[in-house]
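Given below, in the form of structure tokens, are the structures.
Consider the two complexes below, in which subunit A is the common component and subunit B and subunit C are the respective partners.
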Partner chain A sequence: MTAHAPLLQLSGLTKAYPGVVANDDVSFDIGPGQIHALLGENGAGKSTLVKMIYGLVKPDKGEMRLRGQAYAPGQPSDARKSGIAMVFQHFSLFDALDVAENVALGMENPPPLRDLATRIRDVSEAYGLPLDPARLVGELSAGERQRVEIIRCLLQDPKLLIMDEPTSVLTPQEVDILFRTLRKLSDEGTAILYISHKLEEIRSLCSEATILRGGKKVATCDPREKSARELAELMVGQLLTPPERPERPFGDVVLQVDGLSLASNNPFGTSLKDINFALRAGEVLGIAGVAGNGQDELLLVLSGELASPSDRVRLLGQPVGHLGPNGRRELGLVAAPEERLGHAAAPDMSLTENAYLSGAHRKGLAKNGFIDWAKTRAFAESVIARFDVRTPGPHVVARALSGGNLQKFVIGREIEQNPAVIIVNQPTWGVDASAAATIRQALLDLAGQGAGVVVISQDLDELLEVADSFAALNEGRLTPPRPAKGLTVDEIGLMMGGAHGMHAAEGTAQ
Partner chain B sequence: MILGSIQPAVLIAALMVAATPILLAAIGELVVEKAGVLNLGVEGMMILGAVAGFIVAVQTGNPTLGFIGAAVAGGLLALLFALLTQVLMANQVASGLALTLFGLGLSALLGQAYVGISPPRTPKLDLGPLSDIPFLGRAFFSHDALVYLAIAIVIGVWWFLKYSRAGLILRAVGENHDAAHGLGYHVKRVRALAIVFGGACAGLGGAYLSLIRVPQWTEGMTAGAGWIALALVVFASWRPFRALAGAYLFGGIVVLQLNLQAAGVKIPVEYLSMSPYLITIIVLVFISSGKARGSLNAPGSLNRPFHASG
Partner chain C sequence: MIRLEKRLAPSKRAQYLNPFLAVLLTMIAGGLMFAALGKDPIAAIRLIFFDPIFSQQFGSFSRPQLLIKSAPLILIAVGLAIGFRAGIWNIGAEGQYIIGALCGAGVALAFYPVEGWYIFPLMVIAGALGGFLWAMIPAILKTRFNTNEILVSLLLVYVAERLLAAMALGAMRNPDIAGFPGSRDLRRYESAHNADLIAGTGMHWGVVAAIIAVIFAYVMMTRHSLGYQVQLAGQAPRAARFAGVSPARLVVICLGISGVLAGLAGMFEVSGPSGQVRIDFASGYGFTAIIVAFLGRLNPIGIVLAGLLLGLTYIGGELSQMMLQLPGAAIQVFQGMLLFFLLALDFQTNYRLRFTKGARA
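And now, the complex of A and B:
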């Protein structure tokens, strides 16, 4: 395929934002029908690069050529007219509109809605991605939402399809089906620019990979000829040590949940149905699941933000279901939610103030109803020092920190409180590899000291790295926990609900 | 016996007239909120429309020009709001409240020389034989053109939002402005246009008060109609035909209140004046409980400022 003239040529693309060069002189080619991987850590400049190709951002320097012609899209509709379509990482969908309306919004010249519905059905069947055009997007699962995005792109018969981290919300079985769809598209001549940091996926799917680090291209190679380790080292630029997990005996049950059911407080949320598990001291329980299967609700009900009948949740044998977050913190249960800004941390408050908000009770930061600022600052500084949070000091507001640094701070803030039980949701989401390793190691160390740890995550590799036992959330139900040792990815996929009603694309083209 | 003095046909005719100003203002605000903007300046745009329409009509002797002038004045004031909130990124709630106060003050200043004057009469629309139908003719077919124009705008807005591509884009912008931006739609431009449309409608509603309903200019004559219109949008859960029904309901309450007084019923007027707001509060509580279907219809980006990110 690469023998043909390239479809898209990028040469010397540069884009700088105040204080950071997002892309520095990036050049590579994409051939027709090629599945080309764009690899890099968070902040390596992948998103900026594809935004330039899609017309959302204008490059400061450099040029692009599409089929040999100069190509400088002023806005996304120009890109779409030129045959470039994009599936976004954070879905660009509208909850309150139906599938057909969402598809129409992403098209240049959509047919009348009735014809569009028929075409959506046809294309979705042809590619094994069933969808009902009349359903509200807010009611769809994450996998189904992605189908909406993909079909929106396919209806425009694109020559280049950009996919930004498409598998982070899918079960392993759904990933297989997606890959079959992508290979079929590639056979039909559609080039795919595939952005990811999951190396095994790229090695199985892509024929060429461009690796970015710190905004610069470090290599273009054939990922099938490199080992995952070689790719990782190119990506990170240093050697990574996997976290250590010493063998240790488990203690008594510290957190027990029996028959917990709870209606979601969000109209598009997932209600929890009959959740049961027991967590022992020193144990790390990993809870997998595709986004939107009740993870948020589970965290809220365990942290105490949502109350439940008191005997449904027991902490160290004591019923705590009726207690709020502060009541549970005093007894030794702390939590770190997924959303860093606005949930785990107040964006416009300083790190010191944020440290107080969670640590006030367990660290005794208030005296006679007044805040002990010296002690609070010392607490914030100890978190910053221990977790290597890169910030000028604890007086900086939370909003000013990068995602990874803030994540280290909010997780570290909870770990520093020496809890008996800690619940974390997506602890390393959007965090670079070395920071992620620090956070995982800290959670394992805490378990080693005898705390119970619940890690809710959509990253299976992460769960397999840290978890002693393993359960999955699927439509608000939790599977019985199983020992993590010896579990295969296939088994985990089935625990997560398999392929959610999808079927593979037919081998033959229409 | 007491209620017997109220004639149904006259009551219906009166309530259609009473409802038209708030209906016009509400349907405009509905479009604005569907685009994700909360403009609390409806009252200010209405009263400016009332005085501007009055002045133009008196100066030219032509009520039609008066209504056009009112729509332009309301639209201009709304443009100021669009400049503040969409370009200068000012807080929508504070800007809207300021717009109301500014409109009230400006209209009082402009209208000083016009107090106590009668405007040129707006003729009733001649609907020929329709007006002669017993009861129906008196109730529904003996109005001025604006009453029907208001209904036509409601139908137009309903069609626009439901079936047109521009309406779909407007709803998308109001539902999730980040996603709309990501797809390449001009969030601020769409919102600015919606805001101006809302202002023009509010201006028309205001002029209806000063040129037809009262008809006279007095300071502060909108007397809270803009706030009722705002409440009405929520009450209607952002659906055009519910806004129509709600406007006639609220209009009915106003008329009933006058009739009951005239008929000598001893209910303090204040109870009825309060009722639209009470109903709205109940609706708001119901919606924000999260269980109601209605909650699914509130625009997702309502009152959230949009910052384009790189």
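And now, the complex of A and C:
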């Protein structure tokens, strides 16, 4: 493959934002038909780099050459005309429109909808991406939505397809389908720039990888010749130690959920159906699932933001389904929702004020309704110190913290309250590797002290690292928990519902 | 194409500077308006902002007026600001003010001519309760049926005005003076009269209530968990639910507080400066208080300053009507301009206008 002239050459690309150099003199080549990985931690500069290629951001310095010609896209439509397409991590789709309408909205000159539907069917068949053009996007799973985005790109017949963390929303079976498609595209000569931090995937899919750290290129290598650990250490720039988990016996049941159902009040939300599980003291229950299968609703109904019949949820033997968040906090259940800004923390309030947000009851931060600000500030400072939150002080507003630092703060705020049960949703989403390790270790330590821990996550590696038992959410149903030891990725994938939407699409493919 | 873009970090300084800029711009635009009406703009501005306090000729009359006009504005605005902080928009303080006055006057007229120390406190309670109940209508409709409190509270102002007219011409009309609309003059009924505490200063019980309300609001917003919940609900509603704040409870509390304070303002007004339940009793304090709340940056201390300024425009307006024969509506336009400029300035600190070419990104 390297014998060919490169498709896209990047040389000396530099982009600085106030206070940070996002990309510093980055150069590498992508050959035609090559599947090229772009690896790096959050904040390493991957997004900025692809935004420059896609015409969303102009480089300060350096140049790009496409098939030997100078290439400087002023906007994404220029990039698309030159044969470069991109699938974003966050989809830009309208729930209330059907697949064909959504695809048409993203095209420069869409053909009539009837022709488009035929073309969508043809492309989806040709590349093994089953999709019915007449279905409403609101009814699709995350994996199917991604197919809409990919097909939208493929209809433009791209020479280079950029994919930003495409597998974060997929089950292992869906990942297989996607990889087959990508390999087929590669065989036909379409180059793929594949952004990810999942190392095993990259080792199985990509023939070349460029690793960024702190905006600089660290290495370009063949990922198949490196171990996952070697790649990770190149990415992080330091040696990694896996979290320690002391062997420990489980105690009594601390949280019990029986036959819990909850209708979603949002038309495109997920209703919970007959959830059952028991969590013992000292146990870490990992709940996997692709986004949008009821994770948010499960967290809300466990934390107390949504009420349920009182005996459906029992905390330390007491029925608590009817209690609100503060009633449950007093009994020892704390939670950390997925969305940091706006849900777990108020963006424009200081860390001290945010410490009060969920800590008021268990830490006794108010007397007769009057807030003890000195005590609250001391609580915030103890969270900052123990969890190594990088910030000038507790007076800083939450919005000013980086995602990883704020995540350490909101998880730390709950852990510092010595709960009997803690529920976390996506505890390390968008957090760099060392911060993620800190958070996971803290959760394991808490379990070691006898707390029950529920970790809801879409990151299977994370769950396998911390969980004692394992369950999966699929369309609002929870599989019975199984011991995590000895589970294979295939089994987990089947628990997560296998490949969504394959059945429906087989019908339309005829 | 013109596009609006939210600024990442709106300037904190602009937040405090904007009220002063708005006053300045209003003076300029108002001056132009007065010039267009054929009056000397400098003289008019002077008459409105300067003469009520500093002039030899009018000062002795208008200085006490400043407290009389500002007290109800501050009292109402303090309550409104608490709700506005939580994102609960009570636009109908004028209605709660009227009902508070009617309830307070109703108690007084029911006791007439009995004298007793207990009558005035009963009137205070009745006024507060009247305003509270009137504010509970939008509160309950919102929590039960999810109606919009802006519309309901605003429309209830017009219901209250009808009720005021009906009372002034019917049930509360003074039976001793046949033919004239309006109730007995409470200023002549000693037990019900909200007189100056220090004669000739304009310092009546309403001023005391306003001072207490400001201190109460300040302590609540900075020290008490209720004030914290109010701010949290206004800034980040989902975080508020996570913190265990019940949105329905907050709606009732915020509308309740502003209703009580507006009702009190109406009661102190009808038993003192106005004295009578008359058709023209409602003078727009409830609406002007919205301007006061925003101009004071929803901050109790700021509201005191803004209330004094707007009180000044009321007096100055009357003076300019007398001295320059300016139309009475001109001063309302003037107050409206103040809010308009303030909102425009706030908008441009929070957003930036971008002119882009027609091309699609």
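FYI, the second predicted complex is superposed on the first by the 501 of 510 C-alpha atoms of A that agree within 3 Å, B and C clash if a C-alpha of one lies under 4 Å from a C-alpha of the other, contacts with A are read in each partner's own complex, and residues count from 1 in each chain.
The rule is simple: a residue touches a chain if its C-beta (ideal position, glycine included) is under 8 Å from a C-beta of that chain, and two chains touch if they have at least 3 such contacts.
Only a predicted model underlies this, so the values are computations on that prediction, with no experimental measurement involved.
Colleague: What is the contact status of A:P325 with respect to subunit B (first) and subunit C (second): first, second, both, or neither?
Modeller: Only subunit C is touched by A:P325; subunit B is not.
Colleague: Which holds for A:M349: it touches subunit B only (first), subunit C only (second), both, or neither?
Modeller: After superposition on chain A, A:M349 lies in contact with subunit C alone.
Colleague: Would you check which partner chain A:S358 touches, where first means subunit B only, second means subunit C only, and both and neither mean what they say?
Modeller: second
Colleague: Examine A:Y17 and indicate which partner it touches, taking first as subunit B and second as subunit C; both and neither are also allowed.
Modeller: Only subunit B is touched by A:Y17; subunit C is not.
Colleague: Would you check which partner chain A:P110 touches, where first means subunit B only, second means subunit C only, and both and neither mean what they say?
Modeller: In the superposition, A:P110 contacts subunit B only.
Colleague: For A:F88, is the partner it touches subunit B (first), subunit C (second), both, or none of the two (neither)?
Modeller: The answer is first: A:F88 touches subunit B but not subunit C.
Colleague: Using the superposition on chain A described above, determine whether A:G412 touches subunit B (first), subunit C (second), both, or neither.
Modeller: neither
Colleague: With both complexes overlaid on chain A, does A:P427 touch subunit B (first), subunit C (second), both or neither?
Modeller: A:P427: touches no partner chain.
Colleague: With the two complexes superposed on chain A, say which partner A:G31 touches: subunit B (first), subunit C (second), both, or neither.
Modeller: neither
Colleague: In the superposed arrangement, what residues of subunit A touch both subunit B and subunit C?
Modeller: Touching subunit B in the first complex and subunit C in the second, residues 75-77 of subunit A appear in both lists.
Colleague: Quick check: in the complex, which residue numbers of subunit A touch subunit B?
Modeller: 17, 48, 51, 55-57, 75-77, 80, 88, 91-97, 101, 104-106, 110, 136, 138, 265-267
Colleague: Which residues of subunit B touch subunit A in the complex?
Modeller: So the residues of subunit B touching subunit A come out as 165, 168-169, 171-172, 175-176, 178-180, 182-185, 290-291, 295-297, 299-300, 310.
Colleague: For subunit C, which residues are in contact with subunit A within the complex?
Modeller: 223-226, 228, 231-232, 235-236, 238-239, 241-244, 246, 359-361
Colleague: What residues on subunit A touch subunit C, complex-wise?
Modeller: Against subunit C, subunit A makes touches at 75-77, 303-305, 324-327, 329, 335, 337, 339, 342-349, 353, 356-358, 360-361, 366, 369-371, 373.
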